[in-house]
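Letters are used for the chains, namely A, B and C, taken in the order the chains are written, and counting of residues starts over at 1 for each.
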């Protein structure tokens, strides 16, 4: 199912406009370049729309939102919708504060997203209109396990029905679903949670993968999720070999993303299609 | 004295709210994760207080301050005080501009800090109400040496008496003191000054160490200072072995922090208690 | 021609005030330290002028500009002019949006720059007063090749005549020129375009090199351009040796910059003086 996803990214070099947080923005830019895309960051209201109009995709990540950048997110999102461009939402910390929850809900009201990627707590917040996210990490009571996979799939499908977006719920087990179909992905390594930005980087990769594969957004999103997880496994192996720690893991992760091709992903992905 | 400091951080995973500069924020987040804590960055006035209220500690770092974030610092700091949470100040560049000096003094007036960490020029600026900091680095005329250690300890104790905060003055020799007692720490490597962010990262580590060891803030601060220095030594060795440069040093530093445990720190720290 | 350029930077440790984008700011700070300078970032209107007045050089990089920081750029730039300090412009994405083009033109009107560094699309935008930059990367139709080197040199000289600044047009082939003389530099590796920030880092290095070699701004700029390219070649070799990817390349690049001295640069640079 992933035959030409990555090669399409490398051929088309989709330009991705990111309105994103300043914590992980450098990793996001480097991952976009590593996977074959091209990043551009512009968060001012005076240029957000115009910048989006020369791009192939838009990432809206609320990780360090403020009044100024929220306006830019809304303007850019509407412009991207008008142009039929890919728009991906990363509702970082939705549920942790009223500002994040309300901004997320407002973005969903005013913008049609192609993909929404979050952890289970963030997605639950969106579904319920309120939440109890522990900072930017998923609440441990919410963790996706083999036992509750069914329920999480239902949640993802329900949100997809409501919004029209492909929904990616990432954690130890990842779920990627539209209203009809769901993929369960078991790639990744627990140590990835010890570096900041794997979620933000994945969101940006999803935008690049989808912008280069616009006719198969569900598959492209699943491919990006599997790619990030598989590269995390490869990075963990490299890190262990060199007796490294978390900063080595981060380097090897981006290295692996820059070296990944379709064949390697097809060989390494652990994906199952829910019936 | 450091028996369970690090293991406490790893057990409790303190959530640290950072209002910090955008230069080193990614390293700060990665170091918090590496040492066993969990970072959350939120600098908007609309959510600063609320975010602090779900956290265990707060870092206020003025490295790239502006009117908007200063308001957030004040709101978050007061909220953290009301909740009895750990609050750590990093007065980056205090003395370099009026804005930095005055903001630092105002923060100290309105917020009760658990710990203040700065270089000698920044701390002198606070004590004197004005200063001559050379950018964000300590003025070389101010350097802490074996000859003036006594005076620096007096300065740290005086500031601790005045503010109630543990004071950490870091440089070639580090001093950590409350009003009664001082530790002299001789870990570290001079090449650490050739990478940006070691101070900011240390400030965040202090917040995590203290939030997980609230009953022994002086010891926890000293432990964090020794840990950063010792990890710098280990990183330097790794860097040399691979003929690397400053970016390798940065990676090995965060790697070492992620690999450090109580036993290793007790074995590696060079700490002396002033009588 | 590069006899003491780097050693001067290491002796004088020029303090460089950077008003720059938040995407690559950490790399910019680390590269300034690596090459022997010292970075300070301050972008608020309340301290921009004052901070510049204690520095030896100023970098204005419009990569994530906004109304607040544009004011700071103007204030700091004028102050640096009044003090006779080095001021370097990086017009990131000029041509991509009206805000970037107009801000660039306004900065050039109100500030006298020592050096302007951009890719060919950005420089063309400045010369024409409008442009078609593809995001932050040069338009492929604009690429500098062996065939159009002459025209690019004419463009650089013309802009230098108009502005009084040394002009550096960087890409596969780099051109550094004042109104009279041009250098053609053939260092670098194509894979450097797969990491973010090489342009921003180079701009900051130019500021440090020029601030430490104020009497030979043309040579210092050429040296910085050659140094970045040569370090990119060395980094590529290191990366290949370890089967690494783009994140390794970034680390080895900064490592190489921190290890470079005058002798190594003179041995490695591929520079030609146009007659």
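Just so it is clear, a residue touches a chain if its C-beta (ideal position, glycine included) is under 8 Å from a C-beta of that chain, and two chains touch if they have at least 3 such contacts.
No experiment lies behind these values; they were computed from the predicted model shown.
At the interface between subunit A and subunit B, under half of the residue numbers involved are used by both copies, so each side presents largely different positions. To overlay subunit B on subunit C by their CA atoms, one rotates by 120 degrees, a value rounded to a multiple of 5.
For the pair subunit A and subunit B, the distance between C-alpha centroids works out to 33 Å.
Residue numbers of subunit C whose C-beta contacts span two or more other chains: 22, 26, 250-251. Residues of subunit C touching subunit B in their complex: 15, 22, 25-26, 29-30, 33-34, 38-44, 46-47, 50-51, 54-55, 68, 250-259. The touching residues of subunit C, when paired with subunit A in their complex, are 21-24, 26-27, 63-67, 93, 96-100, 134-137, 193-197, 244-248, 250-251.
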